[in-house]
């Protein structure tokens, strides 16, 4: 019936921001040395140092979010070690076993709860449970949290602060999967990137630009520089050093320029709130979590979901809920048009 | 003295061909599903099937040459296995141990010789030597050759045929590192891609576009489809599935379109011959190998090399030769300007 | 107060049965080829074939239970794969990440419940949950169960049958950790080893003799011979082929001779029942599970546990329970003397 | 013709010394905690500290020589690293890729020469060659030498000293594969174990008892204690912590007691010299190396080798030599009887 398919299930269906494309085009005109020894990558480091207000850090530009997370984790996760994360985290459920592979057998120890975020009590309990039989269990090397969390909610500063206190107490490293870090950042007014990361104890951040305007650009930022010691070897050995690294760095440089990254994320978040507001009138839609970034999680009847597909609206099927109901995810991006949201709403009205 | 630095040591200093940039720009306008489920990638497979005259194959678009080689090798190299290759091959000397990592400990068994190409007698001898103490030695799983070879020379059809006969006899797989495959292909007039690969026994090809016009695009082609069985899992687990895979496939599609790949390689090769011709008048320059693709290997005094650097000409320092002489590599690409070559020659005349 | 320390927390504190020692002594008198090419190992295979009523199987004698489990699992668990097991299973909690290491990053997916055994509904739910998002999740390769289960209870024939039906349906392999398989076997009267394993769908069994009379002897039995294809290489590469393999096989041969393995396990089980009966009079001791093999799990106050230690009785501290209570494990073996059990009871009476 | 088969190709065909068997028997009578927390293992450390005149060391008792080497190497060899060794070394040719596996992909860089021992010039050249292209090549982490070398010859103190100087200069670790260390030690009169190892710069020693009187006992000695930091986790994760570790330590304790290890090695060496002396009268036998330990390497016609087998004498077929000649190894042990050597000579006379 509706010919035009509307993809609204993930922000990775987007293209790239014009500024990023322009930067790629510019980078193509320059001859530079390959494998990261180029001026774009040097500039990228300077930018990061300024934005994150820290001289003493190390960066690695990447093209893949999975690799960015795994390489960051492998800076402290050994084969006999383990990392505590949420059971729904991307590293545990959506990266095909990459953290385990990069570490040669390291283990993810998971915490499950409805909030979608690791709580202090959960963390302490998990650590104590493992340490109880220390000799046999995998060594705990660190903790990984996602900001935005995998269910689209936000870790508050206090939450992260509390977790990092625990990490310090038990001598654990703290990694942040920041695939949607910028959406989280702009959702917390007047918060600086530094305050949102290393100032509250984050050791390394896998910051993603791909979902927020870039073609394929991620960056690992080691605030704790010691962790970067072996990283350059592992990034090479895993095939993630590109011959023409400059094209990644050029994307990142344009992304940071004139606050583009923040502007794009703000649009995405605003679109999500607009969308949620419009959707709230449908009775069968049960919102599961507060919408703090650019993701909506809605519980609905399986038949409703099937009907939505028939309307040529393509959200993301998230998981099963009880009583044959489903959880369905809608994601907005900087590219999402208000007219498309309105169009979706119009089509959905057809269902009622 | 000369202000402008001329980078002439590798083809990876190049940018990208305008057609590739145009394709990336176009791809940015489309919304498609992520992680390879897009129309660009589907189209890419069709193109490969046509160009290589084979329906029954599998492809994986990649962004990194190192990863492309290692993933191809891991399709038959197990942790307890080994692959025979030339000691100067890229997989052995320049990929930071990636084949060993991807296979969880597989071994490269190397053959050394001046020709830069594995000879049939070398191969048989190596296999027999290993099989002599079969129980203890690593299992031999396959052979990897580079076309162009690492010293810029060409495996003839007869050479590859003979090697693949040996492979068949011993039940080994044959991989081709085709980082400069196109340069090799156009150097052999009237040879089809099929005749240069699977028709003479190549099981899988790591075909590179990055050095020949693309931004970051490689493709693994499994002519022996069985080898692809586990590849999709490993490419995911090693972090080489991009969210926006379409941008890789779009590059490849443009690269193949209207024989662009062949045209670019022809220019690169032609530039190399022009360059060699011009260089041949300098007495201290001893050409080590025939120039069959886009690479020149020149033995010279260490002082000569130092002087070249002072002229702001930047070739690639390859290795030491005897008597304190050095081997220096010059590489041309589709981007190399004849005027730049002439400029290099002019500067070099200053040396004499 | 009590000078003599009584170790009652695990069956690995035992020595070896006289018949095993005698066999080692005999094996020392023979000269044979090393690395498994000896007559003892050949004989061992014949014995296993007879006892398990199956010609078409493969065996690997081992010295370590952890290695025996991991090598068995690695026969079907790839780096990108996963194995479903109970959260309390030895492979998940007590083997230092060995299954993950042997597979280069394979994942254990765990099921938690009070029964200590994987239930059919749990298994189906876990598989369906993983398969729901098939593309991203680790491939499920198989299921591992422990017989005796980690809490000392017995999988019934029906339970295993039901699980193996599910495995067949989903095309998964079924591994059995049989560290205490013999205790389970003799607990089920008139059950043959074949009926307890491959006849109900077990693909491979890690059978342990160490806890039941041997010095250090385990054996992997591949009922599904295909799974053994790569095993000999991996057992070598992981350093588990002993030069003098005959000393492992000799232990096993003596262990199987004249039903020694069954006799020893019967004594251990009988001791456990005797012990439980005696312990049941103490009010603070809450038995958590039926005693079907040679293990007792008792919940008690933390202070009670501390008092037990002061009596120089050393059980195994298992885990924490609610309200600051502890779970404590007592294990009997073929070596446990009734007089020692009586002595323990006498000491414990002092507590009341 | 001759019914009795005489195995003379390796010292691993031997049984165990009576004192070792007695020690195993004694250890069986004691109840102790499992997994290395036993009094035998504590005692073993004390013994090693005394014999090697060093308090500040760490030990790990093992049952497999391959695992002992690989675990020692993994203390400094990372996945992206490499170890320089002789091309004929056991770790490179006879351990099924174990060092590569334990390190998750580490590389062995080999040096070939006739002497069978790494020479200072070879080592410097190899290091310089690798460092020449530092960015791409595997990081060099250390050097491994075998004492006795793989061809049965002895590294002199001066040779080792010179190598360890180079190691210090380049900041590399030095490992010694001491599978036949004792044969080397007793061949150098009045040399103390300390003088033969850490006093000349050896960081860790994989000392083997299995070939010299034990059933299955090896020990890793970390003279450089820092290297042991992760070892306990890796030994667990690779399945090399035995439940009843005491049986390994008990063997070692008996082996060291009253200089048994030295006495047994002296007998083996003496047997080798006696054997060589007797063999020297056969014209077709060309001795390849001096006999400094318990191994003889003889070049002979292939037909001669075949005839020897027909006499039911079983040496070890080592490798091919030129002109269809073979290299055949004979190894004596503490168990070799002079009467057996005489019997071999008698049979061989039949050939002439």
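Going by the order they are written in, the chains are A, B, C and D; count residues from 1 in each one.
Methods note: contacts are C-beta pairs under 8 Å (C-beta built on N, C-alpha and C of every residue); 3 or more make two chains touch, one makes a residue touch a chain.
On a predicted model such as this, the values are computed, not experimentally measured, just so you know.
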Top of the farthest list for chain B, CA-centroid basis, is C
More C-beta contacts across A-C or across A-D? A-C
Between chain C and chain D, what is the gap in Å from one C-alpha centre to the other? 34
So how far apart, in whole Å, are chain A and chain C when each is placed at the average of its C-alpha atoms? 41
At what distance in angstrom does the C-alpha mean of chain D lie from that of chain A? 51
Mind pulling the residue numbers of chain D that touch at least two other chains? 35, 79-80, 95-97, 101-102, 104-105, 136, 233, 236-237
Chain A touches which residues of chain B in the complex? 7, 10, 12-16, 21, 24-25, 27-35, 63-68, 70-71, 95-98, 101-102, 104, 210-211, 215-216, 233, 236-244, 247, 335
Going by the contact rule at the top, pick out the chain B residues touching chain D in the complex. 79-82, 93-97, 100-108, 129, 132-133, 136-138, 319-320
Chain C partner contacts - residues on chain B that touch it in the complex: 35, 78-80, 104-105, 135-136, 139, 230, 233-234, 236-237
